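In the two assemblies presented below, subunit A is common to both, partnered first by subunit B and then by subunit C.
Now for the complex of A and B:
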């Protein structure tokens, strides 16, 4: 049976801000994956979050370059995080999602690295940490 | 035989010109509307094409602008297996919003 609450993928999901239950920002939806199935409607497989995904959207070559550069030079992984739509709790201007702590850490690994390696060594950096 | 899982990015589909089998351009895919199944999964229900769909995507209030043309295709009326070249699988007149 088909329930009525559908989503406009471009207007409601693409580039929307992701928030957890405490309204903490977890990034934006950089792309949406559709699974093509023979004889059945395409299924929304996941929302994808990550710099490499965003770069790919701008230009596929740029996406490949960002992925390779991240593997070679960056100490932190830029591998995209895939979130199933079943994690969605509320759809509005922002999207509220329900994910575990491990997924939150994966979504915020670049921010965590920046906090550890860039902000904390700055004078007063430790005091500014929330 | 097991079905092969094929994934397509939404960004590769949106903005693409949909063509008929004989190469005629019908319009660009501007929006993809899903329907939620009872198990919580979302499936593509329809594709919205044309300038009216672009206004819908940009959430422009319709009463402020002249009504624009929007075509609505069911999921089975557009083949997106090649996202760079979506193909209309039916006659243009069968699309919702098309003038007959």
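Now for the complex of A and C:
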């Protein structure tokens, strides 16, 4: 479906919601990376997802500050996740991607950490209780 | 029958818009000081908020995406950061007012000081969000919210002069105290046209998986839900005008205002007043705490749904938990809830243009809305509402100083 029409990088990709095949929300496209190649035209290398990437887009200083603070104080990595365009399955208002479990885990690192360390110890915090 | 249950979302949204501490407080003061002559502000606010909720409900039904998500995608994070931050701040201010309002209702009912009630009220709000689903919250608040119709029954019972009522629906210059009149008009509009109503409503429509076939129910729910709230708010003005104004009670103190239902209902009146205030404030607090989680989660693409258990959506659940905790601070510090509410309403008005203006672009985007973009009537309505919002934002601060 994507072969016969172009994808608009800003309109269709940037800031779009990422979903897996089960419609689970995995984050938003926080930046789009182009690869510059010698003697050949540039091409789209990847979509980047991550708090530090988003902060850098708002302001480069803020981006550096978030990255340093995350490395020094946060118990969970905020390293951006890069998704090659080959993961794209459907482009609409949202983007459906097909990624392996390891990538999904990296996209949901903060979510998983908060679930394990904060929510589960609270009453009603187990998956099967509600 | 199925579309009848959808009215629940309209009434829930409406409870948060009209029956919370800010709306009831400003309506009482307006009725006590100016009798029926500020009724037009409720009518105007109702028309504005009905248009805005219909639009964002339509966006949700067509694109399956709530309004805040569409704003981030359409404008990018650098622009979206401003409305997002503004709305989180406003939501927290109003949430704090509601927690104060519900605690005040319990103080009125029991005579035990408000500070004792703040933590229990916050825990109740948190526990309902943590353990219950969207549907159960929606339907219980919608049903309990019907208690507030007792204001309408009271207004009916008091037999107001219909010609005077009709005159109140047309704006005109007050005979005296223009600054206070303007201050209350802005306060009522700020309490009615609350931006969290339409971000919440569109999130609710996505939670309930509305589709294109829901466009007609959406129109009815938006109009009927807001008319319900508008009717109750107008009834509050009428009762205050007929009970408090002749006795020279100005409505600045809830303790005196709480007796306004005693004339029609006898000793049940006071209890009904406290129950209405409590239900309205708790309903609004639920809506506001959820709205904080909704807009933050939608902006960053997290999983967000009140129907999932907290462990499935840790960031969403912790979002509203932190919001409720922050919302207790002003009341615990002993800040007067009514003064804090009036401040929150003024801040809402100042923030309105920045929160409504993006709708004009989003609602005309065929990428999101396909064939269901705004027509000329709805576009004219948004432009008029944005213009009104700008005018209100300019006069809000001076009037707060002169009239409040």
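Basically, the second predicted complex is superposed on the first by the 120 of 130 C-alpha atoms of A that agree within 3 Å, B and C clash if a C-alpha of one lies under 4 Å from a C-alpha of the other, contacts with A are read in each partner's own complex, and residues count from 1 in each chain.
One rule holds for everything that comes next: contacts are C-beta pairs under 8 Å (C-beta built on N, C-alpha and C of every residue); 3 or more make two chains touch, one makes a residue touch a chain.
Remember, it's a predicted structure, so these values are computed and weren't measured experimentally.
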item	value
Subunit B versus subunit C as contact partner of A:14, first or second or both or neither	both
Touching partner for A:57 - first (subunit B), second (subunit C), both, neither	both
First (subunit B), second (subunit C), both or neither touched by A:24	second
Subunit B versus subunit C as contact partner of A:37, first or second or both or neither	first
Subunit A residues contacted in one complex by subunit B, in the other by subunit C	10-11, 14, 57
Residue ranges of subunit A in contact with subunit C within the complex	10-11, 14-18, 24-28, 30, 54, 57-58, 93-94, 110-112, 114-115, 118-120, 122, 124-127, 129-130
Subunit C to subunit A touching residues, read off their complex	63-65, 69, 72-73, 76-78, 80-81, 130-131, 300-304, 309-315, 317-318, 367-368
Residues of subunit A that touch subunit B when the two form their complex	1-11, 14, 31-38, 40-45, 48, 56-57, 85-86
Residue ranges of subunit B in contact with subunit A within the complex	3, 5-11, 13-14, 30-38, 40-45, 56-59, 75-76, 80-81
